[in-house]
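Listed next: structures, encoded as structure tokens.
Heads up, the next two complexes both have subunit A, just with different partners, subunit B and then subunit C.
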Partner chain A sequence: MKRIMRRYYTEAKYAKLLGKKIAWITSGGPVEPLIAMNIIPIYPENHGAMIGASKLGGKMSEFAEGLGYSQDVCSYVKDDITSSITKESPVPGGLPEPDMLICSNNICGTVLKWYEIQARKFNVPLFIYDTPFVHTEFTDEAREYVNEQTKEYIRFLEKHTGKKFNYKKMKKVGHLSLEAMRLWKAVLDTAAHKPSPLTAFDAFFHLALIVTLRGKKVVVRYYKTLLKELNERTAHNIGAVDNEKYRLLWDNLPIWFRMRWLSDKFASHQAALVADTYTQAWCGVIDLIDENDFLGTMGEAYTRIHLNVGVDQMADTIKTFIKQYDVDGLVMHSNRSCKPYSFGQYDIQKLIREMDIPVLMIEADMTDDRKFSESQVETRIDAFMEVIKQRRK
Partner chain B sequence: MKKENNLQVFRDIAREPYAYLRQLKQKTGKVMVGSTCTYTPEEILLAAGLHPFRIFAQSKEFSLADAHLQAYGCSMVRGMLEDGLSGDLDFLDAVVFPHACDSIQRLSDIWRLNVKSLHFDVLLPVKLDSELSKSYFVKVLGRFKKEVEEAFSVEISDANLRKSIALMNRLRTLLSTLYELRSQSPEIIGGSDLTAVVKAVMVMDKEEAEKQLQALVDVLKQKQPSGSAKKRILISGSVCSHPDIYHIIENKNAVVVWDDLCSGTRYFEGLIEQEEDLMAAIAHRFTERYVCPAKHLGVKFQMENLKKLILEHRVDAVLFMLLKFCEPFSFDFPDIKNELEKMGVRYIMVEMDQHNKIDEQMRTRIDTLLEIL
Partner chain C sequence: MITLGLDIGSLTAKGVLLKEGQILVKHLIPVGYNSKKAALLLMDELFEKAKIKQTDVQKTVATGYGRNNIDFADKTVSEIICHGRGIHFLLPEIRTIIDIGGQDSKVIILDDKGNVANFVMNDKCAAGTGRFLDVMARAMETEIQYFGELALRGKNPSKISSVCTVFAESEIISLVAKGENREDITSGIHLSIARRIVSMVKRVGMKPPVAMSGGVALNVGVIDALQKLLETPVITTPLAQYGGALGAALLAEEK
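Here is the complex of A and B:
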């Protein structure tokens, strides 16, 4: 993983020398056409996660606040704005500058503002892949709208690369992307085994490739190897957490700067966070994609992802996971950065009441460590685990 | 004297909008349709014989809403939900959620699951600057029209739509005339009264509103401009429904001459042009007037628009009233302020914890701005 990511960022750094263009793209954005066009996709959100994991998030948010950005907005945006000015980054030299920006609002409206800011700063073209929200229904006109945008997107790429779109390569990329998603799903599915061979913390780590490079062979190869390893572990009943006794489900983005601590904390209670709603987002819509018509079906698939549907549908997904992974409790990260993910969590709790499992809500932020109180979270986790243990007796 | 009487109507409604609406329902038996945002196509509701109004988030405490929404939601979203859950909106029959920001988007879900009222989501595009998105916008309005027809078993005729378009256009013209008059001679009407008028119009029976507005404009037109030398302020932000702000400013030899607020000019900016296709006509006003920061009309729209307003209304300083936790508006602020610095226009930013409360700190910040002018 480290090697692949290093190579990816190094290639991006020398993109100009290689005659390649760079597109910054949002984490839920349609990346496959970029790969088909040999454009290097760069994910500021993945970078944000790395900044968070390097514990630079609070400091970098603070810098952006000094420029006038609010304390109360998504910290990924602030991390990125800061890094693009100061070049401070876990990636040497920071992210390579974009030739174009691709923004899909299927994850939030925040990215729209973010990409507008960066489009002004870098003075590069911006394409918005606009995915109407699916409160209850994916309408016919929405389907037509996104499908037409796929064509618009391709014209945009042709215009800004000066090259014809490569439909033949796109076919291959589509297949590879889907294969990667299927493998990713298989990887996550292994967690249904008791004891689980992987935890959500592992999934957060291995996620980087399906986010950034799906559609490339290397991703397929990587997840095949990973899956093999996990299958061996299940065959020998080797759990990711020693003596796994309790199984939990995680909701929302990870708290990148406290992964180790949280994982140890739960493990100390013999609890494994076996699954999460976040990493599932990259394989949740496989069924909507037609393998032989990727371009024709990706519009719907990108529109109906977990974050772009109503709270009741999100609750249904969570119910499915609770059953599939047979968990004893749900841990919800109420993420101050991410309103679309966090607002509605209380109602989800009500909607899943019939599942009769305890729910813990942790208030934090995915990268801004100023918004995390270790002692408070620790007390709450201990109390929550107490409840779960009591119920087992 | 006549002006005073006439203003009192607006003041009363603006102070107690829900009391007015409750009475209106009793009197007329009309179906009450609340909406969360200025992107509501009121013309369609009016043509169906319904009464559209803006839900204002009157609540100042959020004890019921807190069971559904975390404290890092803006006070508009929390307040609207509180109004809905507390029974303050007991006269409400239906609610319309045009797609806007992330917070409203989730509020719609929460509302649908917890408040008893017919529910309409209007799934607007965020991108407004492509032919494709404009044609999608038209289709969304077409769907909304059909849904309203089905829900209330009415037929919305073109003739009625034309009537309601004409009525809303007249209202908008009157409101902008009022704003223009005040921009020219600020002393003819106080700032808090001006916002009360807009707020009241957002809830009033529209024909009644037209009558009252016309009378007010007629009176004000007769006033002689005095050419006062007060400092001219523009308020920029999402909502600012606190009348005291205007008093603070006016006490310091300054005056608010314009705004770009959702509770101000964003409500009435732009007219609907004559077009064969009425849904297209309504849609085009939304995609061409000055848009909300949660929507996209090119990457520089917000700053260019503000610059234009500053020049048009000879603005000396801008007061940004940003609501805490509001992403769309706050993300634009740093780049806009840099533009203002280049223009040499002074500004100050005040972060409001709640759109309907003013604290000492805000007072001091505003005073500071006025003192450096």
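Here is the complex of A and C:
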């Protein structure tokens, strides 16, 4: 993984020498057409996760707040804005500057302003792939609307690369992307085994490739190897957590700067976070994509992802996972940064009450360590685990 | 068998010595900045009161914010389980427990065996905690033990709209400046914290009868405000402040 990611960022750093263009793209954005056009996609959100894991998030958010951004603005935005000015980054020299920006609002509304700001800063063209929110159903009008944008997107890429769109390569990329999603799903599905061969913390780590490079062969290869390893572990009943006794489901983004602490904390209670709603988002819409018509169906698939649907559907997804992974409790990260993910969590709690499992709410942030209070979180986790243990008796 | 339950909170340290299911002695002291030192002092005073030696104690369970600093305890258990156990022992019929602590407020739902079925805790903010009352009592220049009685004397509770401890304090200053009387403002303060707690009760789903545990249960103003908003009696006991420590001592007896 480290090798692949290092090569990816190195290639991006020398993109100009290689005659390649760079597009910054949002995490839920349609990346496959970029791969088909040999454009290197760069994910400021993936960079944000790295900043968080390097424990730089609080400091970098503070810098952006000094520029006038509110405390309430998403920390990925603030980390990115800070890094693009100071070049502070876990990636040497920071992210390579973009030639264009691709923004899809299927993950939130904040990305629109964020990408507009960066488009002004770097003085590069911005393409917005607008996905209507799916409250209850996906209408034919919505389908037409997004499919029209797929065509526009291609015209945009042709204009700014000066090349004709490569439909032949797109077909291959579409197949590879779908194959990667299927493999990713198979990887996550192994956690249904008891004991689970991987935890959500592992999934957060292995996620990087399906986010950044899906559509490339290397991703398929990587997940095939990973799946094989996990299958071997399940065959030998090797769990990710020693003596796994309790199984939990995680909701929302990880707390990147506290992964180890949280993982140890739960493991000390013999609890494994076997699944999460976040990493599942990169394989949740496989069924909506037609393998032979990727371009024609990706609009709907990208519109109907987990964060762009109503709470009823989000609650249904959580219910499915509770059953599929046979979990004893749900841990919800109320993420100060991510409003669309955190806003409906109390409603979801109510909607899943029939499942009769305890729910824990942890207040934190994905990268801003100033929003995390260790002793408060510790008390809540201990109490939550004691309740789960008591119920088991 | 003698067991010791220590509840080292953020403001006070409480201890209960238990002998064969009977409370031998109970005691509390302020914590100060060093929770371990406070725990040691508390223990000395407890043993002296009970006229026993430390070696007479078979088992010790610690709870509360300072629980992990008490390295001589046999076990640490979170406040949720301890308050649940303590209140179930004192008031077996109770199904919902409200505890307003110095740093944390919690609502605990018990099943009919006295096990914790579910719980909810306040968010990160101090507004729904005992600290809020502390700060407000100081702003009103009242001793905390008389604060609740003062609230009961309010006839037209002032409207405290802020949910933030710091902003509520400045809101109060402006109410004072406007000439609203102390009783009404104090009454408004109590309703304000009660509203925060009530939303937590609703979130977890109230099951009557309801009781209050922890030191704030001694505040009649909070009890009164909660009763009004929940439209149900809120039961309390003179031992409420020892709910957590008692629960810890009972858990120590079990294993």
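In this section, the second predicted complex is superposed on the first by the 393 of 393 C-alpha atoms of A that agree within 3 Å, B and C clash if a C-alpha of one lies under 4 Å from a C-alpha of the other, contacts with A are read in each partner's own complex, and residues count from 1 in each chain.
FYI, a contact is a pair of C-beta atoms (placed from the backbone, for glycine too) under 8 Å apart; a residue touches a chain by one contact, two chains touch by 3 or more.
Being a predicted model, the structure only gives us computed values, none of them experimental.
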For the three-chain model obtained by superposing on subunit A, do subunit B and subunit C clash or fit?
-> fit
Quick one: classify A:Arg120 as touching subunit B (first), subunit C (second), both or neither.
-> first
With subunit A at the apex, figure out the C-alpha centre angle toward subunit B and subunit C and round it to a multiple of 10 degrees.
-> 70
Mind working out whether A:Gly310 is in touch with subunit B, subunit C, both or neither, as first, second, both or neither?
-> first
Between subunit B (first) and subunit C (second), which does A:Pro90 come into contact with in this model arrangement: first, second, both, or neither?
-> neither
Considering only touches as defined above, state whether A:Tyr69 meets subunit B (first), subunit C (second), both or neither.
-> first
Report for A:Gln390: first if it touches subunit B alone, second if subunit C alone, otherwise both or neither.
-> second
Check whether A:Arg380 is in contact with subunit B, with subunit C, with both or with neither, and answer first, second, both or neither.
-> second
Now for A:Tyr346: first (subunit B), second (subunit C), both, or neither, which partner does it touch?
-> both
Using the touch criterion from the header, give the chain among subunit B and subunit C with more contacted residues in subunit A.
-> B
Can A:Glu148 be said to touch subunit B (first), subunit C (second), both, or neither?
-> first
Minimal inter-chain CA distance - subunit C and subunit B, angstrom | 5
State which residues of subunit A lie in both footprints, the one left by subunit B and the one left by subunit C.
-> 334, 346, 363
In the complex with subunit C, residue positions of subunit A that touch it = 334, 346, 349, 353, 358, 361, 363, 371, 373, 375-376, 379-380, 382-383, 386-387, 390-391, 393
What residues on subunit B touch subunit A, complex-wise?
-> 67-70, 72-73, 99, 101-103, 105-110, 112-114, 121, 123-127, 130, 132-133, 136, 139-140, 143, 293-294, 296, 299-300, 322, 324-325, 327-328, 330-335, 337, 349, 351
Interface residues, subunit C side, partner subunit A - complex = 65, 77-81, 103-104, 115-121, 123-124, 203, 205
Subunit B-facing residues of subunit A, complex = 67-70, 72-74, 77, 105, 108-110, 112-114, 116-117, 119-120, 126, 128, 130, 132-133, 135-136, 139, 141-142, 144-145, 148-149, 152, 310-312, 334, 336, 339-340, 342-347, 351, 363
